[in-house]
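Right, I'll just put the structure down here and ask away after.
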Amino acid sequence: MVRGRNLTAELIGTIGFTDHFWLLVTGSLPSAAQRRVLDATLVAIAEHGLVPSVVASRMTLAAAPEALQGAVAAGILGCGSVILGSSEAAGRFFAEIAARVGGSRDVESAATEVIGEYRLGKRAIPGFGHPLHKGFDPRARRLFEVAAEVGCSGPHAEIAHIVGKLMPQLVGKPLAINVSGAIPAVLLDAGYPLQALKGVPMLARTAGLIGHLLEEQQRPIGFVMSHAAAQAIDYDGETPSGFESGESA
Amino acid sequence: MVRGRNLTAELIGTIGFTDHFWLLVTGSLPSAAQRRVLDATLVAIAEHGLVPSVVASRMTLAAAPEALQGAVAAGILGCGSVILGSSEAAGRFFAEIAARVGGSRDVESAATEVIGEYRLGKRAIPGFGHPLHKGFDPRARRLFEVAAEVGCSGPHAEIAHIVGKLMPQLVGKPLAINVSGAIPAVLLDAGYPLQALKGVPMLARTAGLIGHLLEEQQRPIGFVMSHAAAQAIDYDGETPSGFESGESA
Amino acid sequence: MVRGRNLTAELIGTIGFTDHFWLLVTGSLPSAAQRRVLDATLVAIAEHGLVPSVVASRMTLAAAPEALQGAVAAGILGCGSVILGSSEAAGRFFAEIAARVGGSRDVESAATEVIGEYRLGKRAIPGFGHPLHKGFDPRARRLFEVAAEVGCSGPHAEIAHIVGKLMPQLVGKPLAINVSGAIPAVLLDAGYPLQALKGVPMLARTAGLIGHLLEEQQRPIGFVMSHAAAQAIDYDGETPSGFESGESA
Amino acid sequence: MVRGRNLTAELIGTIGFTDHFWLLVTGSLPSAAQRRVLDATLVAIAEHGLVPSVVASRMTLAAAPEALQGAVAAGILGCGSVILGSSEAAGRFFAEIAARVGGSRDVESAATEVIGEYRLGKRAIPGFGHPLHKGFDPRARRLFEVAAEVGCSGPHAEIAHIVGKLMPQLVGKPLAINVSGAIPAVLLDAGYPLQALKGVPMLARTAGLIGHLLEEQQRPIGFVMSHAAAQAIDYDGETPSGFESGESA
């Protein structure tokens, strides 16, 4: 039995893995629309190239090839507040705005208020802006399209849209929504629980890590990357003169 | 671009997460039959109750609630040779038999030969027998059914079947195939690569761990379990008298 | 070269491991008094029986015996804010009080002010009280004695003492200092840097974990503990009726 | 009580951390000579610059700064068979030779026999040769000196010495002993248990990792190194043309 359902008779061969993940997290099976949205977000962030956690994971496999699980774990450990945590932070930001809408207060004024509080607390607005993609992150745009296609667009997508429009005026520069902002917006509109948002990028990245590690077993680059990383520090001047002597034996 | 495909235009909203995992691991998209088989195996092993890695993971979250990723990683670290490694070991066992079939050698004689070598090397036959399920593991049976339904049954399922029949004669007792044996059999028949077998239980268990950890955040049992675990040692006599004094401060 | 010193000529065989740790963390070698204090704190917390992180670590080794490093890592992951983080939290608490002493403000009034702020923010006073040891934790007492013996007692020990005396009046019950409070007090008085406090329990616990894991290799209890932990949940009533069926397959 | 001793009365403030580690691992306190040897080995390998596990650990802290324990764990996970496992492998190699000495068989003939078996099994001789240090690794030389100074030189150092002399003749090239060979030789001669050898580099590296991570908190280089690592792959030609497009989104 899993979550009150007979694993063999009702689940294996009947539902897909995405349905099963939704079931494990929420206790019930998703609708077709909910599955489409969750699938889209998992696909959008599973693989993003040689990001820090992937680099760390491949180096770990190079150093300890006897334990694939150790290299996966090392990669998961890099899924923290800076990298993947922004999805959850953006979800909390949208939910805070949503909670204040009502009565005479529309989204625009609720958003203005919450953004003002973030600015006062010197907190970045999570889910907006991207170091690489100027303008609208194409993955974010696609996620909103998918949500609209399956009829799941709702208040959080609207909030994300309005926050984007308020950015120049309230923050002083145009900051478009990024994939970490689009993910919670479409998931929350689909009825996925706020407190489970962190699980989505973590599951997605595990799939990406496994792909990378199987590649590492066949085409090893872990030591090449480690060497390049160490070399970069010798030359970039970010470490004072004492560092080189201090760090190499 | 992911694996030669445009992430935004071709993948997000078009394919499911299971397809994406197959793509990341193999470089191409699965057929509908391949997806069904992979989904069935992922669903079959995602959640298996309070197994050691789940217990360790929940205790870790209780002790370090600031880092969900740390608790997921702790759970992944328990996905090693004893627990989840048997799927890969069984896959290698089946593949070894399959490689020897041909010419005048049928499956039965190839299997007899390989089993003989395992016995000689005092190695357990991986993928057979189960501490709880006497007789046929219902999850294993269901996986073979699903593979047959989608037309994916092939040589590895046949080998698994024949090995099961040979067991009483060659090993001296009836050992039915278990879920760790069925998973590689149906995956290999579906064309999933042998060297990537370890990835399947690892991805599945990550989904299960995330489900458990979200539950731990709401209904904490980590410290209760830790206390019970420590208490069990005080009383079960498995530790010599010096132990209790040695282990508590 | 390590930290400006010739590893072979100056360090190996000349200094002890405790000196080396102090060197790696601070950039200079400790005095004899500083070494005594650091040694005392490391010894005091290296081993504390079957605490959650040790239990999780031993279970991980049972499940994945091929990777000792994985089991050590799993144990380290449980050294988070709830368990070992209190040493650092207590250090910040003492440092905050110390920073406000001066001019007409004595320790008592600075402590009263800071404790008042903690109470207002509903934060526990870190480093005081203990679930097991009623009254003064003997390890804490011994650490203060050692610091006094080597002439390292200073403002932070005094603050810890005064806070302890203020407890009944300000918090409403007598809460004695515990080992997590004594460690930062004596280390800060010895000149060990505040921002490196977390490193001390982490290094100490690694030694304890290694001791436990070598024992696990010879006298395995990981699966016994895991079983007891899972059993405890079946019977303790902390989980709703849906849980048992939901968690076992 | 720890290992039958009163923690407060007998250990804290009385023994050093190195003694305590020996106690936790062996159950008894070391002699002064044993402590000197263990200290020397721990100091010799605690810090070795920006090696893969350190790079992975610093990247992990950059990505997940909320969890120092996660970054330590990520670094520990890279202490596997390739990097730090060679100490244990060399220890087993020396112990195998030692076990065959006796009667008419001297060290030279026992070593020749064991080396022959390693060669036949295409196994590298562990503990000899070094990518950077041509000739004798100065740390290895120093460790043997320290062991001699404290009167701990014994059969394993002799075996290491004789194996070094046999290398040109049996392996075809001069391969000097390295630090991973010297560590088990001197530890085994000092009476440190073979099965606990892995614990020494792991504890030492934890100290080194903590030093690096405290530095990372103050002078971050994790993302710089990650970027350099990713860049190195774009240009070094080790990945086929499909890789760049496949790995970046």
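Think of it as A, B, C and D in the order they're written, each chain with its own count starting at 1.
One rule holds in what follows: a residue touches a chain if its C-beta (ideal position, glycine included) is under 8 Å from a C-beta of that chain, and two chains touch if they have at least 3 such contacts.
All values derive from a computational prediction rather than experimental measurement.
Asks: Taking each chain's centre as the mean of its C-alpha atoms, which one ends up farthest from the centre of chain A?
Replies: Comparing chain centres, D lies farthest from chain A.
Asks: From the mean C-alpha coordinate of chain A to that of chain B, what's the distance rounded to whole Å?
Replies: 27
Asks: In angstrom, rounded to a whole number, how far apart do the mean CA points of chain B and chain D lie?
Replies: 33
Asks: Counting in whole Å, what is the centre-to-centre distance of chain B and chain C, each centre being its mean C-alpha position?
Replies: Centre-to-centre distance between chain B and chain C: 37 Å.
Asks: Can you tell me which residues of chain C touch two or more of the remaining chains?
Replies: Within chain C, residues 2, 7, 47, 64, 66-67, 69-70, 73-74, 77-80, 139, 248-249 contact more than one other chain.
Asks: Name the graph shape formed by the protein chains and their touching pairs; answer line, ring, star, complete or other.
Replies: Graph shape, chains as nodes and touching pairs as edges: complete.
Asks: Can you list the chain C residues touching chain B in their complex?
Replies: Answer in residue numbers: 47-53, 55-57, 59-60, 62-67, 70-71, 73-74, 77-83, 85, 139, 219, 221-233, 236, 238-240, 243, 247-249.
Asks: Under the stated contact criterion, what part of chain C meets chain A in this complex?
Replies: On the chain C side, the touching residues are 1-4, 7, 27, 64, 66-67, 69-70, 73, 242, 245-246, 248-249.
Asks: Which bits of chain A are touching chain B when the two form their complex?
Replies: Residues in contact with chain B: 2, 7-9, 11-13, 15-18, 20-21, 24-25, 35-36, 38-40, 42-44, 46-47, 67-70, 72-74, 76-80, 84, 138-139, 141-143, 145-146, 149, 195-196, 198-199, 202-204, 206-208, 210-211, 213-214, 217-218.
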